[in-house]
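In the part that follows, the structures are each spelled out as structure tokens.
There are two complexes below, and they share chain A, which is joined by chain B in the first and by chain C in the second.
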Partner chain A sequence: MNNVLKAIVAVAASAAVLYGLQRTTPSYGEITSPIAVTGKLGKRIAANAFVIGVVKVHLARTVTTKSVGRTQTFTSSGVWALVEGAAEARSESLSLMSAQWLGRDGVRYALSQRFSTVPGFLPSQRLEPGLPQPVLMAFEIPEDQVSEGTLLIARTAWTPLEEEVRIELTGVGPDDIRPALVLARSEGAVPWTLKSE
Partner chain B sequence: MTAAAAPTGGERRRYWFSLAALAIVLPAAIVVNSWDSLSEWRRLNSRTPLTVERGATQRYAGAQWQLTSLTRLPEGPTGAIPIVAEFEAVVDDPDLLKSPCAVVLVDDRGRRWQPAFLPSRVVRQARREAADKPRCGAFPNAEKGKTIMMAATFTVPGSATGLTLSVTVAGARPEYLVFR
Partner chain C sequence: MSAEQRLTLRRRLIAFLVAGIGTAAATAISFAMTVYEAANPKVVPQVAAGQPIDTGRWIIAIHEARVGSIPPTGTRPLTPKKLLMVEFDLDNRSASASNAFLRLFAIDPPVANLPLPTFYLGRDKWIASGLQPNMPERMIAAWEWPSAVPVPQHLRLKVASQIYKHRDNLYGAPGWFDRDPVAIVTLDVAPEAGGTGR
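Entry: the complex of A and B
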């Protein structure tokens, strides 16, 4: 009788352990998820392959672009977030193809391609070792996702176990939303200018 | 568990022998399973440099290669220095040259610069004839005895010293050329 009881307890215990293992097994997506390198707005953040720093986040209802003889105004049903920063490769030339705005609800907003022709646009900028370059990112996000956002920057959006820089955007809030911004080309060291209108 | 008989000396020996064998069999199984990937990785890894001194020629991938010039252009406003590398290959065996070619500029700290996709305006103004030369790519039209002139432009910081140009033709790996 004692032996039967022991056997039942042993089977129940192993079933419980197996159930626990099954429930806590990380998914393939979690095992291969990006390796996070965290940092803050205004700070230089060094990953293994690249260095990036975000200097300023501009929020606006509309953005007007000015290039030679052409003025275009871009509206949005949400809010425009234009992010200015600088980036540099560390050991080998590379491009940072992926940037996402992670809202406080956990929703990710991909880069807007509507300013992809502006010089300095992050994915089209080839970063070289030893040469910091100004970079520009643009997002269209709902107004309630403006504060407590996080910027996620990586070489690609889908490579497993890739480094991903996560920049906490503290101090950015709906109070900073301006009615209109003007984005123009410039011949200086920073190839664009951003002005409030 | 009084019913189980005590293990005999033979059983005990076999048990320990099996346990010790695992230490050899498990790594062996991993190596056997990944042998193909490992040998493929070794084959594709560029690890045998053929160092070429300035002005000399070197036989590689069915051609005689030579670096004709490595020009430093004046520094731009942001501290970036454009570098123009011009090199040529005299074809011996066109079949060996059919696979893609890659060039990279390496400095003495091991930093690697990829060539620009298109020569910049500065390069086109300063070295018109170099900017018009093709990049090192695949050579489907290579003919024996013909000379292929190539150029690549790079952007490096002023701190880059001891630059070498490395050329890899995919079919000739693991060998690659290093022009000093």
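Entry: the complex of A and C
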């Protein structure tokens, strides 16, 4: 009888241990998640492969793009966030294909492809070592996700264990939303100009 | 044969029987369930046009279907084409931007040699790429209809569904996985207006 009791206890105990192990094992997504390099708005952030700094976040309800012979106004059900910055590669030429706006709800908003043809758009900029280049990012986000956002920038969105720059966007809030912005091409060092209308 | 040996043998026989009966029962039940499900397929509910359908990853409301010769971009194609366009509202309920709506609904029964539709964003009248979460948009799917096949008067669309798994069965990775269709939407196809499109 004592033996039977011992066996039952042993089985129950091992079941509990196994359940605990199963619950606490980090998931594959967590094991292979990107390696974060954190930084702040306005600061230069150096990862191993690239350096990036975000200078300014512009928020607007509509954005009008002006290029040769074509003016187009982009509307959104949320707000537009145009992010200006500069980036540079460190040891080899590369492109930063992935940028995401992580809202405070944990929801990720990818780069809006509706602006993919504007000059200086982050994925289309080829970054060379030692040559900082201006980069532009465009996001479409709901109004309640504007404040307390984080910008996630990486070489690709899907490669596991890649380094990912996380930029806390402090000081960006719904008060900064302007009714309209004009994004035009420019011949200067920065290939675009942003004006409030 | 000693008494101890007999006891061991009996124990082994009991263990063998228990395992065998258990396996046989599991096989029989699983086989019977498969046969039963094949004999009684689940009826996919009919949903009226304009009603929102929860597909797990997306909420979609399909509004109307029409035939036209001008794609939603408004530029007339160089060679005349017959386009079947379906307008719908789409909301991304997942936690990240995605373009996985490309196979969200399909014509049922499938039409032979029909290429996949092109998706347009109603707001821009331009080709849609991804859809951001929690930002519903009006979209238009356009099939380039083969000239040899007549356009149906009523279009039956089968809407697929997906579920989120925190750990999938292969890698333990999070992801979205296909499930059974959740709705059938039947639309009247509006003929081309006046031959000039819109």
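Here is the rule we go by: the second predicted complex is superposed on the first by the 180 of 197 C-alpha atoms of A that agree within 3 Å, B and C clash if a C-alpha of one lies under 4 Å from a C-alpha of the other, contacts with A are read in each partner's own complex, and residues count from 1 in each chain.
Convention: contacts are C-beta pairs under 8 Å (C-beta built on N, C-alpha and C of every residue); 3 or more make two chains touch, one makes a residue touch a chain.
Since we're looking at a predicted model, the values are computed, not measured.
**Q** State whether chain B and chain C clash or fit side by side on chain A once the two structures are superposed.
**A** Once chain A is superposed (C-alpha atoms), there is room for both chain B and chain C without a clash.
**Q** Using the superposition on chain A described above, determine whether A:Glu140 touches chain B (first), chain C (second), both, or neither.
**A** So A:Glu140 only meets chain C here.
**Q** Please indicate which partner A:Tyr28 is in contact with in the superposed arrangement: first for chain B, second for chain C, both, or neither.
**A** Only chain C; A:Tyr28 stays clear of chain B.
**Q** Put chain A at the vertex: what angle do the Cα centres of chain B and chain C make there, to the nearest 10 degrees?
**A** 90
**Q** Check the residue A:Thr65 against both partner chains and state whether it touches chain B (first), chain C (second), both, or neither.
**A** The answer is neither, since A:Thr65 touches no partner chain.
**Q** On chain A, which partner touches more residues: chain B or chain C?
**A** C
**Q** Once chain A of both complexes is superposed, is A:Ser98 in touch with chain B (first), chain C (second), both, or neither?
**A** neither
**Q** Contacts for A:Pro129 in the overlay, against chain B (first) and chain C (second): which applies, first, second, both or neither?
**A** first
**Q** Would you sort A:Gln113 into first (chain B), second (chain C), both or neither based on which partner it touches?
**A** Once the two structures are laid over each other on A, A:Gln113 reaches chain C alone.
**Q** Looking at the superposed set of three chains, what is the minimum CA distance between chain B and chain C in Å?
**A** Between chain B and chain C, the minimum C-alpha distance equals 20 Å.
**Q** Taking the two structures together, which residues of chain A meet both chain B and chain C?
**A** Common interface on chain A, chain B vs chain C: nothing in common.
**Q** What does chain A use to touch chain C in their complex?
**A** 25, 27-29, 32, 74-78, 100, 106-110, 112-114, 116, 140-142
**Q** Which chain A residues qualify as touching chain B in the complex?
**A** Within the complex, chain A contacts chain B at residues 90-93, 126, 128-131, 133, 189.
**Q** Touching chain A in the complex: which residues of chain B?
**A** Result: residues 77-80, 110-114, 116-117, 155-157, 159-160 of chain B touch chain A.
**Q** Of all residues in chain C, which touch chain A in the complex?
**A** Going by the criterion above, the answer is residues 95-97, 121, 123-124, 126, 129-130, 132-137, 166-167, 171-174.
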